[in-house]
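Naming follows writing order (A, B, C, D, E, F, G and H), and every chain is counted from residue 1.
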Amino acid sequence: MNKSAEVAVIMGSDSDLPVMREAVEVLKKFGISYEVKILSAHRSPEETARFAKSARKNGIKVVIAGAGGAAHLAGVVAGFTTLPVIGVPMESASLKGLDSLLSTVQMPAGIPVATVAIGAPGAKNAGILAAQILAVSDEALAEKLKKYKTELAESVSKKNTDLKL
Amino acid sequence: MNKSAEVAVIMGSDSDLPVMREAVEVLKKFGISYEVKILSAHRSPEETARFAKSARKNGIKVVIAGAGGAAHLAGVVAGFTTLPVIGVPMESASLKGLDSLLSTVQMPAGIPVATVAIGAPGAKNAGILAAQILAVSDEALAEKLKKYKTELAESVSKKNTDLKL
Amino acid sequence: MNKSAEVAVIMGSDSDLPVMREAVEVLKKFGISYEVKILSAHRSPEETARFAKSARKNGIKVVIAGAGGAAHLAGVVAGFTTLPVIGVPMESASLKGLDSLLSTVQMPAGIPVATVAIGAPGAKNAGILAAQILAVSDEALAEKLKKYKTELAESVSKKNTDLKL
Amino acid sequence: MNKSAEVAVIMGSDSDLPVMREAVEVLKKFGISYEVKILSAHRSPEETARFAKSARKNGIKVVIAGAGGAAHLAGVVAGFTTLPVIGVPMESASLKGLDSLLSTVQMPAGIPVATVAIGAPGAKNAGILAAQILAVSDEALAEKLKKYKTELAESVSKKNTDLKL
Amino acid sequence: MNKSAEVAVIMGSDSDLPVMREAVEVLKKFGISYEVKILSAHRSPEETARFAKSARKNGIKVVIAGAGGAAHLAGVVAGFTTLPVIGVPMESASLKGLDSLLSTVQMPAGIPVATVAIGAPGAKNAGILAAQILAVSDEALAEKLKKYKTELAESVSKKNTDLKL
Amino acid sequence: MNKSAEVAVIMGSDSDLPVMREAVEVLKKFGISYEVKILSAHRSPEETARFAKSARKNGIKVVIAGAGGAAHLAGVVAGFTTLPVIGVPMESASLKGLDSLLSTVQMPAGIPVATVAIGAPGAKNAGILAAQILAVSDEALAEKLKKYKTELAESVSKKNTDLKL
Amino acid sequence: MNKSAEVAVIMGSDSDLPVMREAVEVLKKFGISYEVKILSAHRSPEETARFAKSARKNGIKVVIAGAGGAAHLAGVVAGFTTLPVIGVPMESASLKGLDSLLSTVQMPAGIPVATVAIGAPGAKNAGILAAQILAVSDEALAEKLKKYKTELAESVSKKNTDLKL
Amino acid sequence: MNKSAEVAVIMGSDSDLPVMREAVEVLKKFGISYEVKILSAHRSPEETARFAKSARKNGIKVVIAGAGGAAHLAGVVAGFTTLPVIGVPMESASLKGLDSLLSTVQMPAGIPVATVAIGAPGAKNAGILAAQILAVSDEALAEKLKKYKTELAESVSKKNTDLKL
């Protein structure tokens, strides 16, 4: 773990790691420093509160939190910090992430959670959103994001060339 | 507020009070001591944590928690205490309590919340469930519950007598 | 079957046993006596009513009921007894437990069912909730629950140490 | 109550009467004898069981049962009788009858409930379905149903003549 | 096909046959004559209308109709006949039968469809419901249903004896 | 009614007229001839079938069908004709049009219904879609649609000028 | 790509191709010229806008657009053209296409998308609907559609002959 | 309009203004410059694209976009810019914002939208989230957010003092 990390990627359980790794890969790609922690709003609430309350003074700028079911992690962290908190709803076993999504996004006035899509696409987008937030005051990162956007468009174009019907 | 209250009735916002009053009325009816507090998992997380961690040693035996939307209150309190926590999902403005229900009931293994129905029927039933829990070791209260059950059946019977078609 | 069991774990079908076993394991772990029965609100309603009406005088203190689809078992038992009844919504074949959840939790005012999460996490939590209810008047059991909670937090901490990215 | 009634119209609460009256009106129109009772699967389970077990020998041929929320009435009655049981899901306060519908229709193999639409259209159709069931062995009633069907088609035709754009 | 069949089991596609066979097995078991037909409300509407209009005069007493997705078959047949029509919502590929259920059960006032559970349990129950309807005027069949009900209860009891924990 | 109408606007009940009038207004605006009929898939199935089978030879080019609940009208008409059929899901009383939407859109392979949004916006769009379909081979109508699109954009621009904060 | 194609089949990702191929097969079968393109409303918005704005003048008469999740492709294209746009909601990973369906069909007044069923049946129906739209002014194509409809009915009939119980 | 605004608050229709004003009030409170625009992804797509493509170079740092139904506005803008885009799902007429929520949040990998709660609480939180994003590199604003958080907690505390039961 890196005290001077810009982004903290936290999750309710180590079983969320294969999905949340998508966020980590994006941060790596953009050269953004990060730390990864297992923190449960329910099973380790003290440690979660401690993390959230000291996040800003530890240099963290954005928190990405993944959780499933009654997914309280992002909201609980957002209650303890004024940093932007991005919530990734995990695809849950029975309700396929509808519970995770509603538990993450329907926050009361006063305490926002920036919610992204259910599962892996959401985790990847959480990484990109964190980069976009940091790029508000980082021109070099903004340039990287612009380049990434161009590559996305080109990869779509290229698929047309390769299209086999 | 009463330090020696047996049941704590807490809720995320004072706008939940008209609904949560149903729980209070039941506790009064059964002669169970109670305290009522506004505590928000998101807006007053420190106070919520303090309440939950000291609840057992303050003599509280059951917690009833009402919250709506991304309803984290019951789950967060359950994370900090080993007391039985009853969750009442409030009927929310847009999704009519489906969000509150899923946020309250879909707790991960290890941290249960005893969830009741959405809105006023749920609040009333939270009071009755608290009484049932206390009655496990309180014969007099168990007697009162039995009497209440008989009255319920009689009130249904009486409606048949009065039935106007 | 054990006449002096403190907790009855009942379920609508023997196909629910692999899931409901999670509840049984928790009760064993906490040294709580239990009995297990297949009882269907629809296929064996007479036996179910007999069970529910005599549960309290047979020494049972808490009932855990698992059922799926139009999951009436917990509610029907709650109609016949003043004991706390914990409902576990089974994950159903087509609607993935949404039907089981709503059939279990949306009880009318007067007759609560303490509903937990859909499927295996809910079954495990039903066992813990039963322990919490019994611990209201059992200091030794309350100590065990406190220890279990500490272990949960430690297991989360340990996962951080082991984290491989 | 009429011992020789052919159809029993039962409901969980007298607040369901304005909706269930639609079923009664249809039975009146077709000259089918009926009785109406308030019976709750949860608040008056003994009386409900007694009713259901003796329904066939009391001359009842079809049961219509309306209930809302965790709507167990139709299913519980169906558990105690081999008569056809028609379930009418009431429109519930928060979930608008989705809970009532799933609790009524998703019965396990072995115990059917003939479920109709949520609310007033369902209640009316419950009356017609009861008539259709009785008409299987009653030619005069079958004739009345045929006439009713013709009138329905004519009323649609007539609306075209009256159409004001 | 058998002109003098009492029950017609129809379905929108031959891919529904493995599920609808559950209904057929029940009819066989109770000694009820039946016919099976593939009839699509959308792909063979003329033949469907012809079937429905002549069903009563061909001696059919109850129609069981299985369909999935925008499941119109039961409703369309009910529009053309005054016989009781039982609708079985098939489990659909993407929405898991929620679409089939709502398309089958939410019929407008005037034209009921007796809807049973989604998929195989519903198909089996459609067969039992057809037997219950015929048993209204058939004492021998009513006896068989009573016996079947007793066997159901006994099979549950027996499972308790065999229970291995 | 106008034999040479290009578009038929049909609906299951005259209570749908206030909503379906939105479609009619659009057709008027674009100078497209139309006829309006109340036709129920369930209450007047014969007349509906007759209408659908003769629609093409009566000169109709597009059918707009509005229905609610178990909304079968559009699908049933599509079963009888090869004309494009546009389905408008009415907002239903209890399920707010989710039932109407799924009953209209989830058609089986072979028989499409071109489904638009629930309620009034959908009805208006049904009129526009009918115009777009006719404009495939009608340059003058295509010009009108282009002009309408420009006006839409201008009306949005104008709102910016008028914006009061 | 073929400048003179009558139908453009576009999709958000090449992973949609196996499903969208169903539409292409239908167009081939009816001898309708087509082009296929990968175009993303989000990853290649410029190219998507260019395509949509020039579609009519490039001779395209109908657009079929398949997309999943927050499925904006059909709606975005419809914003830029007055051609009829058919939307195919892809079955998404977690929510099974409910998100895709609502994102495609719930368009605001002014900009319709002709939405078909989720997944492969919808893709096939999109091809048929495109043919129906072109057949409004193409008698030969209308004849082919009529023949196809007859074949559908015959294939259902044939299945009855082959029925093995 | 203000060229040097830090936050752009855009919405699909002026009917969204009463809700989106909640975001504006927060921005005012925190002294953040803003501009407000009506921009429709469907009715004014050209202007929307122009806005989104030039937003960064016009000095905008965060975009807040509110839309309902098939809510494409936030996603479409996010396709054209690398700025953080916050999506506010409007409460829609029939589906109460479930459609708006899924259309906004379920974005494909590559293009995130930071989604907040449905309706007014979401709009308010969009303003706070924008402030949190800007505060990543603005200590003074971070201080204001910290103060706001303290006030939130105090307002909850104060409600306890005022509590009338």
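In the analysis below, a contact is a pair of C-beta atoms (placed from the backbone, for glycine too) under 8 Å apart; a residue touches a chain by one contact, two chains touch by 3 or more.
These numbers come from a predicted model, not from an experiment.
Novice: Kindly list the shared contact partners of chain C and chain G, in label order.
Specialist: Neighbours common to chain C and chain G are A, E.
Novice: Could you compare the number of C-beta pairs in contact for B-C with that for A-C and name the larger?
Specialist: Taking the two pairs in turn, the one with more contacts turns out to be B-C.
Novice: Nearest whole angstrom, what separates the Cα centre of chain C from the Cα centre of chain H?
Specialist: 43
Novice: Between chain A and chain G, what is the separation of their C-alpha centroids in Å?
Specialist: Distance between chain centres, rounded to whole Å: 35 Å.
Novice: Between chain A and chain E, what's the gap in Å when you average each chain's C-alpha atoms?
Specialist: 49
Novice: How many angstrom lie between the CA centroids of chain C and chain F, rounded to a whole number?
Specialist: Centre-to-centre distance between chain C and chain F: 51 Å.
Novice: Which positions in chain G touch two or more other chains at once?
Specialist: Residues 13, 40, 43, 45-46, 69-70, 95-96, 98, 105-108, 110-111, 113, 117-118, 121, 152.
Novice: Touching pairs of chains, all of them, please.
Specialist: A-B, A-C, A-G, A-H, B-C, B-D, B-H, C-D, C-E, D-E, D-F, E-F, E-G, F-G, F-H, G-H
Novice: Which stretch or stretches of chain H touch chain B in the complex?
Specialist: Within the complex, chain H contacts chain B at residues 91, 96-98, 117-119, 121, 152-153, 155-157, 159-160, 162-163, 165.
Novice: Can you list the chain B residues touching chain A in their complex?
Specialist: 12-13, 40-43, 45-46, 49, 68-72, 75-76, 78-80, 92, 95, 98-99, 102-108, 110-111, 113
Novice: Would you mind writing out the residues of chain B in touch with chain C in their complex?
Specialist: 22, 56, 61-62, 82-84, 86, 101, 105-118, 120-121, 124-126, 128-129, 132-137, 142, 145-146, 148-149, 152
Novice: If you look only at chain C, which of its residues touch chain E in the complex?
Specialist: Against chain E, chain C makes touches at 13-14, 17, 21, 24, 36-40, 43-47, 69-70, 93-96.
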